[in-house]
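Note that the chains take the letters A, B, C and D in the order they are written out, and that residue 1 is the start of every chain.
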């Protein structure tokens, strides 16, 4: 499976800071004493912090994410900062985390490759009394138990919002083809679920004619769209589970002589600069953002936690969304 | 001398199985076509065939090179990485125009080919591992070169390479066709082509007959890498972007499958160019069929597996080894 | 037509001894070169990083490698017969998922179910190779596709990740015996068996003979077909079993594991000094090969600041160097 | 000495075998009596090996049946035949090159310890004793491929014989054996027959047949032409039967087809090789050939004659020494360089080093000459066909067409294809390693005559043959090798079996190689 988010342009982490959904501010909380076997107070200044990245930094989302956390680490002035990359192999991520524990990290930030299967690593951390903060993908195991808290987007909701955009944009009548992400990837699962359920609930006039995987890759997205448009010419909208596939679809639509954005509308999730740019150009209809800049928020949370304060177990990012009306101004904040 | 026959010689046979061994892939192609004509909407349409042709180009071009390497009893896993490398260097040189950019992409392929071939021919490393190393490392280098960024291609000349047409036929399809003919000529009627097959058939004997075995091998891997980098250029032109991270992922497997389904044994000593072309088309059509009928990923993978096995089974020669 | 036999026997034998000595050394290197390089790396590693030589870190490396090792053990025997098995990665994943489902019926079913299915897959592949004379590469390539397809088919396109229900089974993946964790102990036991089979059993001899000269072996009246069938079955069972162990360790059957594992296994086997063309090699080399790869990864993590791309370059370059050394030292090098 | 009342222990009835088009056997009957030695003879391609493969379950007959001790048996695979007590040495050595001699002898039936594990020590001990008793004193732990073809053939023999069997089949067991080993083989056969074991013996060496066998079955073009007692069948008649000619057509001349009179030779050697040295293989070997001269290389098995030829042909890297043609030095260790200079080698092991099985007869013939048969790198079919036609006619190559895969040809015809490959290069010096190995009397005669003819045309020829007569009658001069070093040189009339054997057995302190350890120096 390829990274679920890709795009182009810069990844400077100062732009578009993450803001927290106020709604979630009254969820469960966690502190030193409750987590695992209990953790000793610690000042980030003399802490070694490790970050376990899940997928290759070969796409804007991962690049932005890694960079943002690295920068934040510098800002926080931690004693030592190490980072590993699991290269989309779950077993490697487990190894990575264990290796970092063996190197004596005091706190861990983990971007889980998968919602399940990290138990051995997390248990090891817990046993060592090392707090773990998970970002971008939510674990199914319990917060404040196997990890302190989760901070990231709600992928299901991203799917819902894409559906809402589509319903609005198509006036509630459309034949939609879904470009799925890589099979077996939680992001795929949730963005599909959110979208499909929402269509069922609100889009009576909309029927989903095809669901095919584009493996989060542009060329695959293009090929699949070409095939689908040809065999069912009446498709009027595409929902791509990341911008890259959306851009692939765009190329396919233009190739088929149809007019992208009009004859066939395109909606996708990510918020990469390229996609937003296409909205501005009028060839693209909507993008739901998935903000990768976890650094500042993550370290702020760590700081609070290690200094003994309570932190929320669920810190959900408030993702913006881009449509023809706000794309122009939003472009700068896209990553 | 029956032993020798068991190991490789293709015995001309009049039986059905013999016929299938030679024409199996074309037969399969026809079957898939017919099935589609009957059960797939809008299948019998010009733009459909043009889509299939356009989409098959990268795999086909790579498979042509792969066929040469397999003919020498070798294999090349690094082709995907080569495509990525080509994609990575293009944006850096596009400033100087399309031609220099493409040339640099080809040079990248040339270098990889030389490394593969050199390590295999002179040191005698087994092809699969030698090229595996470059498969892993090559894409890494590509990403480093590209600064781990994907870049949209604004250069219209290059983009048009992906969209332009010659007499109603997409340019890249024409290119692929020309390449196929060239490879066929190379194999069937050049000294090099015959030497390549001889080296694949019995390397020691070829050496003792004074054939430039090492040169033949290196050339094969260079040609394979060059074709791969061409496929990379085409990929970039098509997508209108340089995406070194995903371009050509797993294409080595598709290419090898196309070659073998096309009737070229992995044991070397034979290259069936048109079989390879048919093999690539077959895989493409199967893929298209499954998408058009919206078959879920799971079943489409299973179906592909079954079809591959059947296609190779009917045209198996005895004693073909990995 | 007569020559004094006594006189003549001496002359021919005379040349032999020295010739042997030279070969013996080269043989030793090519067979155990991997071990040498491994030792070298361990030394270098402990000198370079004070967190490397620790019991903690090394036992991590041991556990992490054990799963690949079990898979590679099976692949070794397949390669010894001159074949290859590309399906192990997918079978590994399938094994994990089946184990998770099977764990409902206790730890025994959690093991037996995947192993049985693995054997079945091996039986089909082995049958096609041994009795239909098809190329192992293509047969197992189909296996790679098919098995992965099966994984998604039984997990609703990978949208569900079955959890392990049996505690006993979980402890098989995470529990300890004395200092070592179960997977390591099991792996070592399997390798001990593998060593005996390879070195001291008739079956092992036939396996090697088959790889060294299939037609000759057949003419010598060796049960070539049966042995071929056997190695694919064994490979399938071991891969599935490793997958089950892995599921036990991460207490869930993740659908995306094992991607690209076949190539790791093959390189481990080849680094271990086994001829890919078959006929020469041993299991100890494979074990060394597996841990060579593992240690490299660990060292990269010790550095803790390499981007994923650089990591690929490093591992690729290293692989190349090792196989070149391996080949240069190997006596059976064709010129 | 045979009484026909005993039921045949192994029997074939009306066997027909067709290989896609080629009729290898049609309606052949064959009966092997208890404890009898039965010669199976015929031209190359007559169907001998095929019959053997049918008898031992390698091929299934298209028609007919195999009977063992009277009952019909159909062996699915060689294993079944072996278990039924039929042990076979197939044509072309069929062993595992990478495995040790000992492993090869005992593969599949290794001695085992009480735990059922392979008892390596016992295995190696037994193997050593076994091979010693056959006069093959090799290190049984060494990979087989490091032994010469001859030694390998003896290992194959040891394996086949050490399987306790009722029938032992030998398909050209002596094709690359020296007189010494042939002796050993015959002793073994005698021993087997004392135990009442029946033998099927295939060979193209007539005198061997008469020495070993009492019964004979003659095949021609896959048909049975004669079977009966060998003793009352004159040699000439037998040969006539094989070739399908009448005795009157047969030339009654000497054993070989070599002309009696020596060749007229130029004074100046065309090829000179000096100080050829490769550790453990050959030591300071020197030889020279004049145009029109046939130089024989004499020596026992493993003397390093093949190595010497390979060294001259650049097919073996050298530690020391050089080869020069017409005084011009040839880059050593490079086959292409040697070929360009006009020195070509016909390798000993046709299957492994000669033919390219998947290619057609035509392509095998033109292989080396391709560059000069091409224009701008494009092959010219016209030029090829011209060459191929002339070669096939001149050498009487039997093939259904030039496009037939060479692997389907019989041994003799493959050998001719190899020779044709080199003649197409119009070489100056021809290095022949066992040029008549495994080819039938007819073809052998043709090849020998051809060698003679080529010499007359002024080629320099170096001839290695394990058949003494061939070297003795064929060579104008002979260089005798022992343990990779030259021990004697015989000229014209001196070339006799006695002189050769003398040169080989005498305690020669000649070039003892300095590089080697003591145990090597003290030989004999």
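Keep in mind that, in the parts below, a residue touches a chain if its C-beta (ideal position, glycine included) is under 8 Å from a C-beta of that chain, and two chains touch if they have at least 3 such contacts.
As the structure is a computational prediction, the values presented were derived from the model and not from experiment.
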Problem set entry | Comparison of B-C and B-D by number of C-beta pairs in contact, larger one | B-C
Problem set entry | Approximate Å spacing (C-alpha centroids) for the pair chain B, chain C | 29
Exercise. Just curious, how far off is chain D from chain B if you go by their C-alpha centres, in Å?
Worked result: 43
Seminar exercise, completed: dist(centroid_CA(chain A), centroid_CA(chain D)) in Å evaluates to 72
Seminar exercise, completed: Averaging C-alpha coordinates per chain, one finds the centres of chain A and chain C separated by a number of Å equal to 36
Problem set entry | Residue list for chain C, restricted to those that touch at least two other chains | 151-152, 157, 215-216, 219, 275, 307-309, 311-312, 335
Problem set entry | Where chain D touches two or more other chains at once, by residue number | 58, 90, 94
Seminar exercise, completed: chain B residues touching 2+ other chains are 3, 7, 143, 148, 204, 296-298
Exercise. Can you list every touching chain pair?
Worked result: A-B, A-C, B-C, B-D, C-D
Problem set entry | In the complex with chain D, residue positions of chain B that touch it | 1-5, 7-15, 18, 189-192, 194-195, 197-198, 200-202, 204-212, 269-270
For this session: Note which residues of chain D are touching chain B in the complex, please.
Result: 19-21, 49-50, 53, 58-59, 90-92, 94, 313, 315, 335-336, 338-340, 344-345, 347, 351-359, 363, 367-368, 370-371, 374, 377-379, 381, 405-411, 414, 421
Seminar exercise, completed: In their shared complex, chain D is touched by residues of chain C numbered 1-5, 7-20, 22-23, 196, 199-202, 204-206, 208-209, 212-213, 215-223, 275, 279-280, 332, 335
Exercise. Mind pulling up the chain B residues that touch chain A in the complex?
Worked result: 40-43, 45, 47-48, 51, 54-55, 143, 148-152, 163, 235, 238-241, 243-247, 249, 288, 291-292, 294, 296-298
Problem set entry | Residues of chain A that touch chain B when the two form their complex | 2-3, 6-8, 56-60, 63, 180, 183, 209-213, 215-220, 222-224, 226-228, 230-233, 244, 247-248, 251, 255-256, 274
